[in-house]
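Just so it is clear, A, B, C, D, E and F label the chains in written order, and each chain counts residues from 1 on its own.
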Amino acid sequence: MLAHLPVLVILAPLLGAPVASLLRGPNWPWLLATLLSWFALLCSVLLLIQVNAQGTFIYTMGGWEAPWGIEYRIDFANALLLVLITGLASVVLPYARLSVEHEIGADRCPLFYTALLLLILGLCGITVTGDAFNVFVFLEVSSLATYTLIAMGKDRRALTASFSYLIMGTIGATFYLIGVGFLYVMTGTLNMADLAERLPAISDSSTVRTAFAFIVTGICLKLALFPLHLWLPNAYTYSPSAVTAFLGATATKVAVYVLIRFVFTIFGVEFSFGAEPLAEVLVPLAIIGLLSASTVSIMQPNIKRMLAYSSVAQIGYIVLGLAMGTAMGLTASLLHVFNHGLMKGALFMVMGAVAYRMGGTSIDDMRGLAKTMPLTFWAFVLGGLSLIGVPLTVGFVSKWHLILAALELGWWPVVVAILAGSMLAVVYVGRVVEAGFFGEPKDATKREAPWGLLVPLWVLVIANIWFGIDTRLTVDIAEAAAAQLMAGGVVR
Amino acid sequence: MILEQLIDIFLLVFLAIISIAVLRIRDLFTAVMLFGIYSLTSASLFMVLDAADVGFTEAAVGAGISTILMLATISMTGREEKPLKKKGTMLPLAIVVITGATLVYGIMDLPPFGEPDNPVHTHVAPRYIEQSPQEIDVPNFVTAVLASYRGYDTLGEVVVIFTAGVGVMLLIGRRRKRKEGISNE
Amino acid sequence: MSGLGVWNYVIIIFLMMIGLYMVMSSSNLVKKLIGLNVFQTSVFFLYISFGYIEGATGPVMQEGASLYSNPLPHVLILTAIVVGVATTAVGLALSVRIKESFGTIEEDELHTMDSSL
Amino acid sequence: MDLLQWLSAILLLSGCALGVIGGIGINRFPDFYTRMHAAGVTDTLCAGLFFGGLMIHFGLTLASAKLFLIFLFMLFTCPTSTHALAKAARHSGLVPWTKTSGVEQGASK
Amino acid sequence: MILAAAAIAILVTMLLAIVRALLGPSIFDRMLAVNMFGTKTVMLISLIAALAGRADYLDIALVYAMINFIAMIAVMKYFEYGTLGHDGETTEE
Amino acid sequence: MSDHLILRIVGKFLIPYILLFGLYVQFHGDFGPGGGFQAGVIFASAFVIHTLLFGLESAERIAPQWVLKIVAASGVLIYALVGVAAMLMGGNYLDYDFLAADPIAGQHIGIILVEFGVGLTVASVMMLLFFTFAGRGEAS
């Protein structure tokens, strides 16, 4: 069965979703989804180990070899992403039971978990595949599930948020489709490795350049890079807590992964950074994005919205890393993809717990939380420290690598911008922590969140600390992945 | 054949006329109807370009299902579109012009239209046409590629449709009540 | 590129841009979705034009035919059409919900409502 | 050209000519009900002639059977939908044009 | 040659139908033009089938005829009843 | 639509033929244009006609929502499980060669099953979509 590992990761949600849609009541679909996500996590960890031991893992779908059929091509980068997605799913799903029943209502639970499984399926599908068109198909699976899940939020503004995401997301996906079409017409293939092989010969044509522009723009819409981020804050603010936790931690990361795959593997470093001004475009956007989004998030009264803007800022760090076009920068970027998933997952889960007890997520609801809900509050403090980038947390590890990468290139202003972003993070996290410690509780009778929410939440918080102290695992994998990506896609 | 290409251009011009009309018309009902004939025309266009299966699907889906769903929607949301505010039209226009210019730049190096020795026709596709009679033995190459060579894509497609069904039921499905007697909410 | 081929691509791009403009400039949500469909359909034309071969016949095996047009774009576009209709359905369902809870599907009015909340 | 080909050509072209006439008709007639004559009457006959021509063109094959099916289908559906359309228009209060009522009056809706 | 002439005639008719559909003025004129456009599409597809010499394209013409009919009913139903799911036993609303 | 008697009669007369045509497209997809997806839509459109002419209530009596949900899910499951079956018989996922002793026969079995799954899901989801939209319109 070890030879089929990548398919097993996909199969778990694929078979689970239709079954879950037929189950009744809130508990059975939840149980099914949780067990399946654990199974998928197990498979993806095994996959990572296997990739570590044997190198790139190739699996042909239907037994048709690469350019004719669709293949899975799993190297360190996908394996890492896969562990992140399934790992967060395994934490968020146990957490979801209480919060979903609270926010959605029991009668819609089966379909809700179906949609969640489909979202996981879509994200995993994008990650494992080695075919450019297949990415589009699974992108749409995950997007459609996302639109639905966001619209499940209680606030009616969730609907408009979802709709504007639908429009932006579809435009992004269609741009991607145009780009892939242009690549296809020039090379005759859709397979990523094959594209990487055939592109250098014809890269000096206007069609390939246009393809590059369209693919990058389309994906940047999906990953909410600065001027294209307008859909994100509302979408994250108004969707149900469990959904926000999962989306905030994984959805944009997968888009980042696709961008990395195209920029480094398919087009190659020379084309992306040599022939095309990718760095010149992305670096300023990333820096403006991270500074402006951090500044905006200081002013948000709604903490969920504040964290959403902070996500836009963090996307800035990630894109900054990959836009450097060096192995160091890419390592930092991949590390931050993983680490930001951990911290944002934890923080959004905290907000879910607060919403569960207090009924809202504004800063007033956070007041005096240290007294009424100490465990939840301390989780927020630790997550916030990680967001700032305090040593011994994951946030520090990735920012440290990012700064090292910038120093390596001698980009001093960029280092200053990164540090300034951290200072802004201190302000916006500090504001909430201050309210929690010194504010008067809005309602002193509220008690600690139930264990069903606290345990998954603290698992993630501990992961934040764990990977902050024991950096070998993540840094080694990220470095290996970066080395592979820099060398191009044809590494075995 | 020159005639095919002529029909192709003719139909594309029709499409352009119809789409401009859809853009300008305020009455959504008319817009949806025009969208229906837009789909029918595009389906004929697919036929002219030898894509029978695609024309089939576009006719059934675009002109059939999409149009009917849109009609059902405007029966609930009303058919008048409010006139545009003046302020918001410049930015979209700028974006559209830039995108269009990029695309025009992009087609300059395209391989010639309809030549049999384009890279598209020489690299992956020949295998589907030459080998599939021995490997799969299905006369319709589209079916062979769809269901076998790229069967995984089609699996994704089925999942997409399923997702849409789940999504629509979650969004506007009726809550579970007695099926008999159409429980009005 | 022969004259007609260029026109083929140019008109397709023109259609795309009309669709895109409709998505971005219309205030009505249903109109936006129609625009999205127009946009996507024109991308489909692009793909199908790539697969066209002059003088070839459709990719269904036939006595006496030796030149078939490329089946791969057809397969891709079949999938993409399905994706398009799925997106349209979800978008329409969303606009129905928006109408029910806001009372309008005009984006301008939705914006003013949002900020007043 | 032999006789059948001539026949096919005549049928096809007369069908198409009827179609064009119908097309001119719906643009030239003054109101909805008169236009309906142009469209409804020509549509069915035009389709009949056209498909007859094509059937002869294809000869006695499966294609002709399919063409006949399409023709049957259109024979049923075209008049039906025209009829229903007229009924719907009448229902909604669209008044037929008469010489005395003067210029274009279709714009009551 | 004959087929080419026929194709051009059909395209011209389609164009005329589009003109009427755009001019209106009443909604029924548009519906009429759309219906006519639909039948002409069916004819065009059959003609393409003849041009390409492929009988299997005729299936698609059949689908077009069917879709045209369904769309017509749907439009009419929308227009008369305002909803699509109504059983239509009663006209008032 | 009781005052559109002609429409009703013609529609009622056509529905069985449309269903038949759907089946033809489903199983003729290997030989000509068509396949599971198109067949599903055509099949669903027969129900759409029925709904338009005789009302949602009548159509839902023939195809209740819970049945459609089961069919939609089972279509996806059929497709996915064909792949699993190939996997259990020693091939890669979706490798139909292993479904029968002879690879070509295996491919045929696989394609037919898979197209059948597609047809089921598409037909039922399309009906569900239409019924849901139409039903919402009735309710409001």
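Simple rule for what comes next: a residue touches a chain if its C-beta (ideal position, glycine included) is under 8 Å from a C-beta of that chain, and two chains touch if they have at least 3 such contacts.
The structure displayed is predicted, hence computed values, not measured ones.
> Name, by label, each chain that touches both members of the pair chain C and chain F.
Touching chain C as well as chain F, we find A, B, E.
> Common contacts of chain B and chain C?
Touching chain B and chain C alike, sorted by label: A, E, F.
> What is the chain whose Cα centroid lies farthest from the Cα centroid of chain A?
The most remote chain is D.
> Quick one: which pair of chains has the most contacts?
Per-pair contact counts point to B-C as the maximum.
> Cα centroid separation between chain A and chain F, in whole Å?
Each chain reduced to its C-alpha mean, chain A and chain F end up 36 Å apart.
> Please tell me the distance, in whole Å, between the geometric centres of chain A and chain C computed from their C-alpha atoms.
28
> Let me have the rounded angstrom distance from the C-alpha centre of chain E over to the C-alpha centre of chain F, please.
Between these chains, centre-to-centre, one finds 25 Å.
> Averaging over Cα atoms per chain, report the distance between chain A and chain D in Å.
Between these chains, centre-to-centre, one finds 58 Å.
> So which bits of chain A are touching at least two other chains?
Touching at least two other chains: 14, 17-18, 21, 61-62, 133, 137, 140, 144, 147-148, 151, 178, 184-185, 190.
> Would you give the residues of chain B that are in contact with at least 2 other chains, written as numbers and ranges?
1, 4, 50, 52-53, 55-57, 60-61, 64-65, 68-69, 72-76, 103, 107, 110, 118, 120-121, 124-125, 128, 139-140, 142, 144, 146, 148, 150-157, 159-164, 167-169, 171-173
> Got the chain D residues that touch at least 2 other chains?
Within chain D, residues 73, 77, 80-81, 84 contact more than one other chain.
> Return all touching chain pairs.
Chain-chain contacts present: A-B, A-C, A-F, B-C, B-E, B-F, C-E, C-F, D-E, D-F, E-F.
> Report the residues of chain A in contact with chain C in the complex, numbered from low to high.
Touch residues, chain A against chain C: 133, 136-137, 140, 143-144, 147-148, 151, 156-157, 159-160, 162-163, 166-167, 170-171, 174, 177-178, 181, 184-185, 190.
> In the complex formed with chain F, which residues of chain E make contact?
Chain E residues touching chain F: 56-57, 59-60, 62-63, 66-67, 69-70, 73-74, 76-77, 80-89, 91.
> Please output the residues of chain E touching chain D within their complex, sorted ascending.
2-3, 5-6, 9-10, 12-17, 19-20, 23-29, 31-33, 35-36, 39-40, 42-43, 46-47, 49-50, 55, 58-59, 61-62, 65-66, 68-69, 72-73, 76, 79-80
> Contact residues on chain C for chain E in the complex?
Those residues of chain C that touch chain E are 57-58, 60, 62.
> Within the complex, which stretch of chain E touches chain C?
Contacts found on chain E: 52-54, 56-57.
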